[in-house]
Every structure is written in C-alpha cells, then in structure tokens.
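The same subunit A turns up in both complexes below, where it pairs with subunit B and then with subunit C.
Take a look at the complex of A and B:
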C-alpha cells in the first residue's frame, strides 16, 4: 500500500515537472500556450490521417523496443537497435532485388525471416563476445551501429544502387514485398499488426515459458542462475539474437510498409528512441505498446505544433531526455526500486 | 621530395591535427571519468553543449575568453547531470548518458532556433585565429603543421602531458585509479570516493566542453542542429583504442583524424570508393582491438558500478 502511494506520488511529480518545463519552453518561443497545445493535440487525434501517422511511427519503435526489452531483461544492454534496424532493411532490399519474382506470401515470409536473421546476427556478435569473453556489449553495439549506417551508405552507392538514378538509393522493390495497407488514405500498414503480434509473442516467451523464466533469471542474478543449472551463456546469446531480430523486423517493416526502397536515414534514431520506449514501458511488452504509442504521439504532435505555432520539434527530444532523467532519479528519490 | 609533395604532406598533417583535436580533447575527458569508474556515453551531449554555449557567448559578447568559459560551463553542466544521476541516484550510467544525449540534442537546437531561427542568414562568428609559434614553425614538414595552429591544439598537447604526469607520477593519479578499481578499499583508506568521482566528471565536462567549443568557434564559426553528429561517440572510440592512456588517446585521435582527412582529400579528388568505407574504419578497428584484448581486460574493475557505502 505504502509503495503504491509513493509510486503514484512520484509519477505525479515527474509528470508535473515535465509538463511545467514543456509549457515554459513553449512560452519561451513566444507562442500562445492554448493554441500550441490545441495544435499539438489536433496533430495527434485531429483526423484519421493524424491517428494513422501516430500508429505508423509507433510501429518501428514498438518492434525495436520489444527487442531492447528482451535484452534488458536478460542483462544484455542493447544500444545497437539502430544498426540492427538498418541490417533488417538491407536484408529485405537484397531479397527483393535478388528474387523479384517470388509470390507475395513467400516474399513476405522470407523478408521477415531474413530481416530477423540479419538483425539477429548484428546483435549476436556482441552477444557472443559478452557471453563468452566478457566484452562490454555497450561499446560493441554502438560501434556496430555506425558500421551498419556506413554499410547502408556504401551499398546504396554500389551493389544495391538504382542505376537509373544519380541519387544514392536502391531501385523500387517489387510490389510482392509490400505490406498490405490497413486504412487508406492513411499510411498505416500491416507492420503495425506485426508489431502487436510480436508483443504478444514476446509476452508469452518471456513471462509464460520456462525459457523466458531462465532468461529473466539470468538478467536478475547471473551467479544464482548458474548455480541452479541455468546456462547463462546460451540464454544470453539467445536473448541477443531475439533482441536484434526484432529490431531487424522494424527495418523490414519500414521498407515493406513505407519506403519500398532502401535509402539512407530510414531510421531517424528509432534505435535509440526504442531504448527510451522500452524503459518507459518497464521492459514489459504490453506497457511497451502504450509507451511506443506515447512517444510516437509526442513526435507527431510536436511536428504539428511546429507547423502551426512555430515551436521547434526539438521540444520532443528535450521532453524525452528529461523524462528519462527524472525516472532514473525517481527510483532513489522516492525509495522506489523496480523488482 | 619535391616542394609540391612537401606542401601536400604538410597540409595533410595540419588537417589531421585539426580533425583530431576536438575528439582528443573529449576523449581525454572521458578517460579521466572512466578511470574513476564513471562510464559516460553522453560525451556527445557534453560536446554539443560546449559547442552551443561557446558559440552563443561569442556571438553576444564577441569575446573569446567569455566564449570559452561559456563552453566549459555548458560542458560541465551536462557532465554534472550525468554525475549526479550516476553517483547520487546510482542510476544506470548507460541509460543516463543516453538520456543526456537526447536532452542536449533537443535543448541546443531548441535554444538555437528560438534565438537565431528568425534570420535568413546563418549567424556566424569570427573564428579564433591561428597562432604561429616563433622558430618552431620553421621546422620543415611538421613545423607548419604542428606549430602554426590555433591555441586549442597547443592546449591539447599541454593536456596530454599534464594528464600523463598526473596519472602516472602523482598521488592524485593513484587515488583516481583506486576509486575506479576498488572504491571500497579507497574508502577504507580515507579517500572520499564520491568527491573524486564528481571531480573526474567535472574534468570530463571541461575537456568535452572545450572539444565542442572547438567545433563551433574554431572549425566552423557557426552553430547548427546536431553539430557534433557523432563526434562524441568517436571520442569514446579513442578512449578504448588508447587504453585510457593520454598518449594512447592522442594517438588514436590522430589515426582517426588522418582517416577523416584522407576521406575529404579523396572526395575532392573524385575517388570511386564511397567515403563511407573510410568513415567505417575507426569503428571496425575498435571492435578488432577489443577482440585482440580478450582476456587482458583493461577496464577499471568498478567501471559503471555505483559505489554504495552501506552495502556489502
């Protein structure tokens, strides 16, 4: 009882501070606060299209954050979702360009498979290095992010380049690789459903299966897990594989649902945002659905606010940074600890 | 060598040093922090903050000294947020660093846009000019590259020597190492662990802030959103490659700087190899170096672990 009261109190304090700072920032710009706020909210729920935009933006965040959460639960701090997203995108582009005549069902199936594997490999490398040799996954995943981003830069200029265009991008992929659209005229695509399915699957794996139990045990206490006969290394590597695989799916979904071709910068920091989403969602799949929608709404709303009230979109980044800092501080400040 | 190649070598060396200076400064700061056991992946935020606030102060006052002081203050402020979170609140240092990056990426571009966003021309400042050291700059090849540079480069060399002496020749260096390796033993020996960690974080802020200030006040003369664009992460690379040794950090920064200088040179020459191949290079090397150092970990034992005095 006492804990839930202090928990609610601390959440209220965090919310108030973040709201206060946001209002202060809007006032600093010199825009009217009521009209800015109303444009923010209309930007999120004002029309079918704007709701669709929120869901479209939530899709890669949710998929990548689900991956990040599996890693966090197992004690694998995956900062590399950004790179794993790009690897998934490379994989589906390669598939579409190499086997353009596959029927849609097979194409989508293989796209999901190779995307998952490509992202997974990108994350299993630091996973094995950590599990077997004790190398810090934090530095390795960050390095692999930059390697992946540069790899995309090289590929769209060389082997995956569209020869008929002077710009660095791949040709348009065959329509068989497209995800079905869900709600025209919005850009909402089946990737969102994929993300929801993945959330359920991650829940079943992590909280309803013995493998998930072992993975969480490894995350909580490596030594105790080892002593009770759980293989720490193999669960660590498995978690890294799944973690990267889900981020890879985010890359597949961005290409198959939105861009239909590989370009540079398909992920505006989705991989780093996913860490924030996972943290806000307490590393639990169902809360992650909510937090990814929240972060997506924050971004989409702030874009609308920039268009109509001139408040820079960077306000979204400030709010997120502040939110995470407050939550990190809250754990100690209110004697609250996550179990 | 004929005079043309000679000039080419000199300009290449000079460009290398200019590329290396900001990342080496920030890398040195992070080295101090990590030696004390605080791993801060928010170097990017420290540099951005330093870059913005030094630009802002120089634009307002056109005073170099005030600009640098503001840059340092900005860097220290960013670093201190991380320090308080990781030392006082015992928060996860990686997440805190990440949050710092988001906060300062947003904050600097927000402040920049509301102050300068209404003008159509890019607001700029006069960049800090170079200083020619008498006599030394007459040395062939390296003279003009090393001794006709801006004051930051000389400051960098000074910092490397100073930190080297501090780390390996003074008691302060031993204390720093003790706090990073075994904070409990250090505490038992009467060292105030958290004070040492706060001061290390402060030094990180000063050097990282200067590194960022270099970008806006020496290299570019203007500020824009996400000015550092990953330089902070490269600074982390120099810390790993340089094995947390000031000379090593400088060497790593010079290697990365030369890769960047080469990349720019090849681009202007119209090379067929995409520039990304060179940009990728330092990151690949970092992973390889980590691979080859398996089993002989150089990390301070208490890196990233908060010190809890009342716990066993």
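Take a look at the complex of A and C:
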C-alpha cells in the first residue's frame, strides 16, 4: 500500500518535471506552447498514418532492446546492438543480391536466419572473449560498433554497391525479400509482428524455461551458479548469441520492411536507444514493448513538432536523457529504498 | 541512567515484524549480550542502532539525550561503532590504510603513513590487539581481520561497540583472545554489545543479557543472576536434548567415496587420500585456512583434480564437472552461503531450483514446472521450519539461519550419496544446529558418505565416525573413533606438531 502510493507519487513528480522542462525548452526556442503541444500529440495519434509511424519506429527499438535485455539479465552488458543491427542489414542485403530468385517464403526465412546469425556472431565474439579470457564486453562491443558501421560504408561503395547509381548504396532488393505491409497506406510492416512474437519468445525463454533460469542465475551470481553445476561460460556465450541475434533481426526488419536496400546510416542510433528502452522496461520483455512504444512516440511526436512548429527535435533527445536519469534515480529520491 | 536506551523499537519488513516494542538498556562500561535464535531480530535491532535501517517506531537516547541516527555516519558521530559478521575490509590495502579509509589522516592529502602506523600500533598495544599496521589485509587470518575491524572502530573513538556474531568465525584460541580484548575495553570504560546465540560465551563474558525471541524482548537479566538452563529456556522456548549418536553397523555393500592422492593444479592442497564408506561421517578437523575449502572444492569439481583419482562405488569421477557429479548424488554445503550457495536476488523457489532445474520433477521439456516447484518449496519450508514472509521475497531478506536451512533443504534433498558439509552450522543457533546434526545423522543411516568439515571440534566429536586432521593442505592423520578420543593428540595434530601417537 505504502509502496504503491509512493510509486504513483514519484511517477507523477517525474512526469511533472519532464513536462515542465519540455515546456521551458519550447518557450526558449520561441515557439508557441499550445501549438507545439498539439502538433506533438497530433504527430503521435492524429491519424492512422501517425500511429503507424510510431509502430514503425518502435519495431527496431523493440527487437534490439529485447536482445539487450537478454544480455543484461545474464550479466553480458551488450552496448553493441548498433553494430549488430548493421550486421543484420548486411546479411539480408547479401542474401537478396546473391540469391535474387528465391521464392518469398524461403527468402524471408533465410533472411531472418542469416540476419540473426550475423548479428549473433558480431556479439558472440565479445561474448567468447569475456567468457574465456575475461575481457570487458563493454569495450569490445563498442569497438565492434565502429567496425560494423564503417564496414557498411565500405560495402555500399564496393561489393554491395548499385552500379547504376553514383551514390553509396546497394541496389533495390528483389520484392521477395520484402516484409508484407500491414496497414496501407501507412508504412507499418510485418516486422512489428515479428518484434511482438520475439517479445513473447524472449519471455518464455527467460522466465519459463530452464535455460533462461540458468542465464538469469549466471547474471546474478556467477559463483553460486558454478557451484550448482550451471556452466557459466556456455550460458554467457548463448546469451551473447541471442542478444546480438535479436539486434540483427532489427537490421533485417529495417531493410525488409522499410528501405529495401542497404544505405549508410540505416540505424540512427537505434542500438544505443535500445539500451535506454531495455533499462526503462526493467529488462523485461513485456515492459520493453511499452517502453519501445513510448520512446518511439516521443521521437515521432517531436519530429511532427519540428515540422509544424519549428521546435528542434534535439529537444526530444534532451527529454529522453532527462527521463532516463529521473526514472533511474526515482527510487533513491522517493525513499522506498529496498532495504 | 543508562548510557544507551532503545525504547519501544518497531521494525517490519514487507509487513512481517522483525522487532516489536523492543527495549534495550546498556550502561557505561558494560558488556551486554543480545541473545536469541536466528531470525529473532538481533541484527535488525543493531542495524537500527547503527543507522543502516530506520525504525518504524520507538526512540533512541544516548546519555539521556534523544538522538536521530539516520546513517552509519550519524552513528559514528555519536561514537557508536559496529563490527559486522561479514567484514568490510579491502583486501588489497594495508591494515593502516583500511583503518583510516574515509578519514582525513594527518598530512592529508599527503598522508604521513608512518605517523598513522605508529598511532595504530599504540592503539593496538593499549588494547592488546596485536596486528601489524603495514601488513596487507589479504595476508591476515580471519581472527586478525576481526581485530583490524575492532581497531578501525576504536580509531574512530567509538564508546559503544557492536559486534555481530563475533565468535562465529574464530578458533577457540582466537575466541579466548577476543574475550580478553573485550574485557580490556570494558576496563577502559567502553560499552560493548555482542550479538550471539552461544549461551556459554554469554555466561563467561557479559554483565547483562537481553534475550530476543521472534522479534520480541523476552528477557533482560543480570548474568550473575541467571544460568544456562534459564537462558536456553528464554531463547528457544523449549528444552534441548543432547544428541546421542547410535553406532551403526556397516551394512551397505557399496564402496562409497574413495579418494586417492588427489591434488589441484596450483598444488595448494594435496596429495590427499581418504576413504569415506557409505553410512559413515568422516570429520575433517583443523584450524581454518588449512586447505579445507580447496579440498571440498576438489571433491565437488569446482576445482579441477590434476592428479590422483576419485571414485564413487568404483566409478571414476575425476574428469567429471560439477553438473555430472551432482547428478551422481553429490550435495555441497559451502561455508560461504552468500557467495557460493545463494542467488540473493532470487526468491526461495528459484534458489531451490538452482540444482534441480535439470531434474525430471521440475523440468518438463526444458520448461520449469512452476506448480511442482512451489509444492517442493512449501514442503522444504515446512520440513526445515524456514521463517519467511513469502515464497516470492528475495532470499536476501532471510536471516542467516533461514538462508542456511534453505541451502540444506536444497543440497540434502533426494538421494544424496555424498555430502560435503563445510562448516554447516556456522552462525546457526542452537535449535537449527540440532536440526542440521539430525539431518546429517539421518543421511548417514540412509547410507550417504558424509564429509564434515568443521572448525568446531565439539561438532566433529559429536558426529564423526572417523576424524581426519588437515594441516597445510594435507591430511596428517586419521583417528578411529573407538571409545574416547585423545584430545591432546588431536590438538597437537591440528597445531601441526610433528608428534606421533606413540612418541
């Protein structure tokens, strides 16, 4: 009772502070507050298209955050979702260009498979380095991000380049590799369903299966896990594989659902946002669905605000940073310290 | 007027009362015992006094002045110091660095370490706390580390010292010298509160005793005016029977556990050879830190066996991992339950699942059978009388004794063939200790091979069929338990004396 009251109170205070700072920032850039707010809200729920946009944005965030959460639960701090997204994107592009005549069902199946594996491999490398040699996965996953991003830069200028265009990008992939659209004329595609299915699968794996139990135990106390006969190393590597694999799927989904070709900057920091989404979602798949929708709405709404009221989208980033700090600090500020 | 008065202290965790209207009065220059079973609320009360928890109700006065203690820092300012059961030292720093940690020492930020060392030396000599200030903490024995903790508290000019289960980790000799130190402190005018459940210690050391049971104060007596029977009555609420160990004929036609010259890769222990037939308890006696833990880890497979062989009923085990050995019926009670045995942020059910997630009972096609797990947990809670608010609370919030009971429930369940019990009753109260001993004897009559590693000689003598003495990583002798044991000889072996039986 006491806890729930203080919980509600703290959330209210956080909301008020965030709202207050947002209004202050909007006023500072000299825009009208009512019209900014209304364009923000309309940008999110104003039309079917805008709702679709929120779901489209939430898709890669959700997939990558699910991956990040598996890592966090197992004690594998995966900061490399960004790079793993790019690897997934490279994989589906390579598949589409190499086997353009595959029928859609096989194409989609293999795209998901190679995308998952490519992202997984990118994460398993630091996973093995950590499990076997104790090297910091935090540093290594960040470094692999740089490598992955620049690898895409090289590939779209060389082997995956579209020869008919002067720009650094791949050719349009065969339609067999496209995800079905769900709600025309919006851009909502089946990747969103894929993300929801993955959330349920991650839940079953982490909270219902014995493998997930072992992974969580390893994340909370390696030594006790070892003394109980749980293999710390293999569960660590497995969690790295799944973690990167899900981020890889985010890359697949962006190409198969939206861009249909590989371009540079295909992920505007989705991999880093995924960490935020996962933290806000308490590393739990069902909360991650909510938090990815929330962050997506914030971004989509702020873009609408920029278009119609001239408020820069940077405000959204400021708000997001503030929100994360406040939510993480909430427990300490509101005294329900868990003894 | 008493020096410290804690009046009507209330504290509840998750709606379960840990302290209810508890009163405590401590005078100047008094050694005061806080006696009670595990989960009686002793540590909670002291954590309130030391500012780690906030009381839900009640007041604390020092020398008649009402004080608010909101953090350990406040407590230190009020000249209250606490030595925790689990020490809070940094192993990679020296004794004097540990003692001055967080303080502005003379010459700060360029600390005059020699001067500080000298001060600490003087302080430790004054109270007979022999410790070298320049030694690394990692090189000290447990008893010496405890002294460092006491000096640390005295260095902060504490008038009132709280010691949580100070004797739980000490050898008999170390306990003696600790008591001398405490008496010295009393003579210098300090007040001491010791949290304990050892009645004998309480009677020999303290001036007054406050007894807690189930979060309530059930007694406040002068040591001179009480006796062992009355205290145990107050504390347990029932009379205890001393256990009588029945002699068992060896009726099991298995070979049991056979250990031949095993050694680890770092050669920190071994070579060790030992026979542990079924239906036998082999006690491993020895002063702490003579390789007992490493020996236990070799047996379970946490450490790799580099040389030698280990067989159970003729089957070679030395190349098997922890998982396979457990599957063959190994149970392990570690002496470090927080690190080795429990996942503190998981609940009781999941902690029970740690060794069972593979078993048919709880694992249906790789999914956890949650209903069955819940049933098993409820059974364990009932069988071992584990006190807990709910099965879903993290085990972090269980008291030490209840945590240990949970581990027993997990490790000794089912068909265990080999039990490796490392200090299984350390930090447990009389009632729980009795339960543990009963369980071990029960396993023995069911034909388990039990290895009991303990620094509590009483326990070894009470339970063991044979007693092996460990010294510097090897077993120096195995004493058959026929009739009375030559305690002098045993003591000499433990001390590493080269004396032989007939010498």
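The rule is simple: the second predicted complex is superposed on the first by the 333 of 339 C-alpha atoms of A that agree within 3 Å, B and C clash if a C-alpha of one lies under 4 Å from a C-alpha of the other, contacts with A are read in each partner's own complex, and residues count from 1 in each chain.
Just so it is clear, a contact is a pair of C-beta atoms (placed from the backbone, for glycine too) under 8 Å apart; a residue touches a chain by one contact, two chains touch by 3 or more.
Given the structure is predicted, the values throughout are model-derived calculations rather than measurements.
Undergrad: Counting only touches as set out at the top, which of subunit B and subunit C does A:221 meet: first, second, both, neither?
TA: The answer is second: A:221 touches subunit C but not subunit B.
Undergrad: Contact-wise, after the overlay, does A:154 reach subunit B, subunit C, both or neither (first, second, both, neither)?
TA: In the superposition, A:154 contacts subunit B only.
Undergrad: Applying the touch criterion given at the start, work out whether A:325 contacts subunit B, subunit C, both or neither, answering first, second, both or neither.
TA: In the superposed model, A:325 contacts subunit B only, not subunit C.
Undergrad: Return first, second, both or neither, reflecting whether A:315 touches subunit B, subunit C, both chains, or no partner chain.
TA: After superposing on A, A:315 lies in contact with subunit B but is clear of subunit C.
Undergrad: When the two structures are laid over each other on chain A, which of subunit B and subunit C touches more residues of subunit A?
TA: B
Undergrad: Which parts of subunit A are in contact with subunit B and also with subunit C?
TA: The answer is that subunit A has no such residue.
Undergrad: With touch defined as at the start, can you tell me which subunit A residues reach subunit B in the complex?
TA: Per the stated touch rule, the residues are 25, 28-30, 77, 79, 129, 133-136, 138-140, 142-144, 146-147, 150-151, 153-154, 157-158, 272, 275-276, 279, 312, 314-322, 324-325, 328-329, 331-333.
Undergrad: Using the touch rule from the top, collect the residues of subunit C that touch subunit A in their complex.
TA: That would be residues 13, 53, 300, 302, 321-327, 332, 334, 339-346, 350, 353-355, 357-358, 362-363, 366-368, 397 of subunit C.
Undergrad: Sort out for me which residues of subunit B touch subunit A in the complex.
TA: It is residues 39, 41, 81, 85, 88-92, 94-96, 98-107, 109-110, 113-114, 117, 225, 230, 233, 236-237, 240, 274, 276-277, 279-280, 283-284, 286-287, 290-291, 294-295, 297, 299 of subunit B that touch subunit A.
Undergrad: Show me the residue ranges of subunit A that touch subunit C in the complex, using the header's touch definition.
TA: So the residues of subunit A in touch with subunit C come to 204, 208-211, 213-214, 216-217, 220-221, 223-231, 339.
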